[in-house]
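Chain lettering (A, B, C, D, E and F) follows the sequence in which the chains are written, and residue indices restart at 1 in each chain.
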């Protein structure tokens, strides 16, 4: 099983708590003398859990003991316990919303990713599902990690790690020159080229691109492009990725094509948080 | 017209760019000699635009000139130009994704907020729509600002600004004591109490709470509670807020009640980014 | 008893040490081989101690063991031990001045606050003493926390948590409009209005302000204003706060009025540090 | 004239504003549409102004134009204008309290320093007045700069810049060894030794200390020590600094001694802010 | 011409100045009243200049005007002017050492890189010279940028951008499994494998590695490996990189081999700063 | 034995790791399931080890257990073990390069410093070897600490701790005035003056400078200056430091002079990292 390559730095996790309490938690301060208690976080929806490693590191920093039977990537049913906490009531209430927001968002991404990956693999077992850089600002690591936990391919983390030539580059430089420059740029970087028609796809493949991204093409146009690449003996030289206009409804029509990767923005740009809640256990519940 | 009380610090905006380019933009470096160019950001969906002030401040920091005919809060139609940029091609391509992600998320929240506010006001002109603290981690300011731009009430910014007694507090302290402590805590803070039944609502109101949050109650139970508050002469002493289980489909049934505020988590916890795109203008387009 | 809602982040506490030693402690490095020792911090003045929680967290971070019989808010006599430390001599000497400066300032504020609160309560048991935002730059959390420990009301923490309309606002907008806008701004925020005459106080109260701040008025003018508010049936609708020109000498004359809150800048803007000292215990002292 | 060697980094100045407005200025947002206006900062007390350079840099960062006829170190009378601002009303109101707190504290230190320096110099023209490291946590640069502006000697900025052997060091190592190690530590660092009796002063001077700090000695004991140093031919080898128990009342008795430096904690540890205020100018005032 | 993909953030450049002046520049403060002056930075050695873009951005931030006839990557002779400054004498003296240290280090790396690249290309025009991650801690961006300016290939910027399987990985997992996992990990990442013998090289190539890093092999062993790869038809499938034990003296022996890349640690781990100096121009020099 | 006065803040050490892994270690993630293992760091060259304290603090932060028989400043032979680690394989591989870069650079400086100090002391036992501020940007603390560990004098840490009047100051102010201002600036700061001829040296000494820095003079000119200082009775009043044009080859000719300090830029500006490596121990090695 693939490991998660990413960890949100503790400093950022603390910052999330601080943005929720620049001058402390006045409600709790006003009404509750601090004492130790227990609490549990439960999911109210079926989900693939993600963010657990982060929430545990954060809670430990605030001297809350953590206990959990599950781990990131596991499938949970509505009502399942995600994590149990034991420690200062003030600390638990301080972290409650931050923990739920983090778990909720990351699990939301992981759950959608898992669902999509499974749907695609049922139709086309060798096809990968990739996420894009359309993440929430400041949450690149969290969003990419959640997608990986859900089984998706993280694609580029940032502008620094792989080359992807897009339409806006091609407004400034011609396709053949762009690909040639990119291929000669560095042997340590993959070169991907986004094109919108079959002929350009062939040019990019001939120039040495490693991945062709066919953007905003319908299944028929995609099939035509794949055929042309094959006819010219270029199909085996490249991976083929598709993107643009693919949503949950149209996904299966695209997955049937003999492509390598489907990349999808909605997995991170339109996230529904998984609904989770924290409950302080009163003595008789413990 | 109400002004927006919030600005994302420039330092955070720069951080968003840096997370997208820890070692620069290798694609652009590889294939394009830097030169000046123009670009425009267009929305592909009808929307209420938000995040424009932030994107302009960020672009100016990178020495990109900005021109726009619209401002935050304005309604745009698909195809409308949001913002025009003029400056270094390298700088424009470096900021492209960060700008679109920020505009997309904030406009997504503003658009959903506006739609909901209008729907509620049509039914109940004096009823407010509030957002909760279920925001993306690290994006509290951005998400609250976007909601305000959309016409929603921002509710608490954080645990530090108003008192809200919730079920987890009441697991540790009784309702009457909690409200009494909260009311005596500070004259500078509003006291709100979350309850789930009519009798508790009356106790909270009698103890001096300023706002009663009726959580997870169906319209019938809510009506019963409002009636009981009125019968006991408590209705005018408090604002009544409702939350829990309210979604776009059920919204109108709730909005009909004579309540003051509907607070909704989905406006920030389940955001769909507005689809916007940036286009580099080639000479003949300019 | 009311809890303290605030903690200075550890990161800031460490920064205080680093500003005192950008390149280490050259004296100690030059003359003392490191070894374990004990030390105690003693107060040289009667005081209400504050800052202890911060100093303990900081010392633990530098692996110094802490032992104390007292806690924040306790009254100490000159000569009493505040805190005992045990650990590396180098670490203890590195932290000495930072710890004393923090304890000294926070205890200075807490002591002055306690004295004032007690003086006011002897005369007027239901009157609160509030501090303002006239704190040392960068020390808002520390100064407010110390005031709370001393028994004072913290008032607004910042410009973000409650509405206070002041003379500079009224130079730009009329009083009735200002109050009306403020009251309709948000049900989650208290609205306070600063006025300097009785008639304005009545207007603010009529418009729905929750707190009237009578600024720079002498006791006679204040009494007149209170009388007018009562005569118009407005006194019970609002809390009345006074400020301006109140110093330790004139305090009792003001406290006799039937007001709700006296807010005082001098508690934080003119602080005398409590004199405390740290003593390394030589073997025979231990 | 000696220049000020210190500047508070802009980043820290911005942090001061942010601690006063984590979620913006809700009052101003609620009631005032933004527009340009003018404002002036006036001192309500006679003072030596300090902090002006910082407030100007900060205001410029928020696009407020600054105009001032005075500069740091100048003596002002109550009622004098310190600084005029012109710009966005929202920006001016956002910065008002931070600017006044910074000017007030720094001017408070500068004013007290100037007064003390003048008093000492009248009696003993060659005697310097130094401040200690008893500054507000996080404000070392601001407090030292203000003292310099007031004419005081800043003494050590931190533990990293000069050697000062104190009682707590001498609890761990003998005086002769401590001084010997310190003198041989580095030719680039001055060595100062704190002693509490005449004999120790002579030992320190003999071992090569450059400055002897006579701590907590009354004028008679100090005179005896000075005599003994002279008798043994050591007085010319060292500078003599005194500290401890010196307050405004006893200052003149100490200043009469033929010493080189008087160091005083109260100049920074017990600061009274100078009372300054900002006034928005309505059209007819401008 | 390849552009430089990297910029050191301004925040880090400012930090370099602040580490050189936590409490200002006391020498200049003590002896020089501030006034405007000019200065020029001259190289005392032949060099390829690098760091100029950074020093200019930094100087502008301190309001120093910059003028230069050269740009990063240009070859300079001893005595040539690198950059002219005009502005506050205090600012120029504050930045002098930081600017020289940054220019000196980056030019040192660029100069060594250029020399090595030219030596290799003379012998083997298609062979690249790459630098490793053996950079100074905290200076990854600066060191890589300088190497790029000198004409070298930057190789991996960090552990996050390409896959490189090394001996320490192979202590924990077998070579075939490691390569198989790596190749299937992501189509967006190049897979490189470090081996120390010909047989392992063939296994890695067969499993699909894109680059084979032959480490610590002498020219004869390298030739044998290249021959074996060719004999098995694997040579064209992979790039071949060599490293280990290659120094300026032995470089030419290695460059003769038909390899693709030579990677060299000494270009960044053993840097000699180029000797540059700043001279304040007195009036008659200007 | 002199202690090291400096510690690199943990926050900076973590930053070094983060610059090497903005999105994690993708190689290790791709191919190795995490498990505990051991590793040892070995030096491949004779050296004086430095940086060990830093690497141990960093490793502990990542929950790696450390064991070492050596400590900073100890002489090691090629092949000696520097440090043993035990913990998560993922954590060990994440830190490998950062640890080696830090140990390598700091040990490189310490080793060169020790060698130079010993060479000088053999010739002139009372002569110190000092390093300059020609350090790598951002690494002032690390470079100075390494030099101290190697036995060198750290000289000024920054512009804030001692006064050094150089040629660029003297372009703006005359020598006698500069020295007079500097001497009167503060009794807590040493005053050093850089001159390039014998007459200036005498002027500086007469004006009260504590250290004369004779820059860029050959041994004959230096001897002449020393003779002139003696002839005028000034030699005993000052320490004499020399710098400029001194390299390993010419060192002994300079060391023979009766000077107090030789300061050398090359010890920090032209560092060769000590070659160290980390080896994961497979079960049979442990």
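Here are a few things to note about the model shown:
Note that in this section a residue touches a chain if its C-beta (ideal position, glycine included) is under 8 Å from a C-beta of that chain, and two chains touch if they have at least 3 such contacts.
Everything quoted here is computed from the prediction, not taken from an experiment.
Ranking A-F and A-E by contacting C-beta pairs places A-E first. Among the other chains, C has the CA centre that is most remote from the centre of chain E.
Ranked by how far their CA centres sit from the centre of chain B, the chains are topped by F. In summary, the interface at C-D recurs among the listed pairs B-E, A-B or A-C; the equivalent pair, sharing over half of its contacts by residue number, is A-B. If you average the CA atoms of chain C and of chain F, the two centres end up 45 Å from each other.
Taking each chain's centre as the average of its CA atoms, chain E and chain F sit 23 Å apart. Note: centroid distance chain B to chain F, computed from Cα atoms, is 53 Å.
In chain C, the residues that touch at least two other chains are 2, 5, 19, 22-26, 28-30, 32, 140-141, 157-158, 160-162, 185-186, 189. Taken in their complex, chain F has these residues touching chain D: 2, 5, 128, 153-157, 160-162, 185-190, 192, 210-211, 239, 241, 260-261.
The touching residues of chain A, when paired with chain C in their complex, are 14, 18, 22-26, 28-30, 32-34, 90. Of all residues in chain C, only 1-7, 9, 11, 140-141, 144, 157-158, 160-161 touch chain A in the complex they form.
Contact residues of chain A toward chain B in the complex are 12, 15-16, 19-32, 35, 37, 39, 89, 93-94, 96-98, 100-102, 104-105, 108, 133-142, 158-169, 171-173, 177-178, 181-182, 185-186, 189, 266, 269-273, 278-282.
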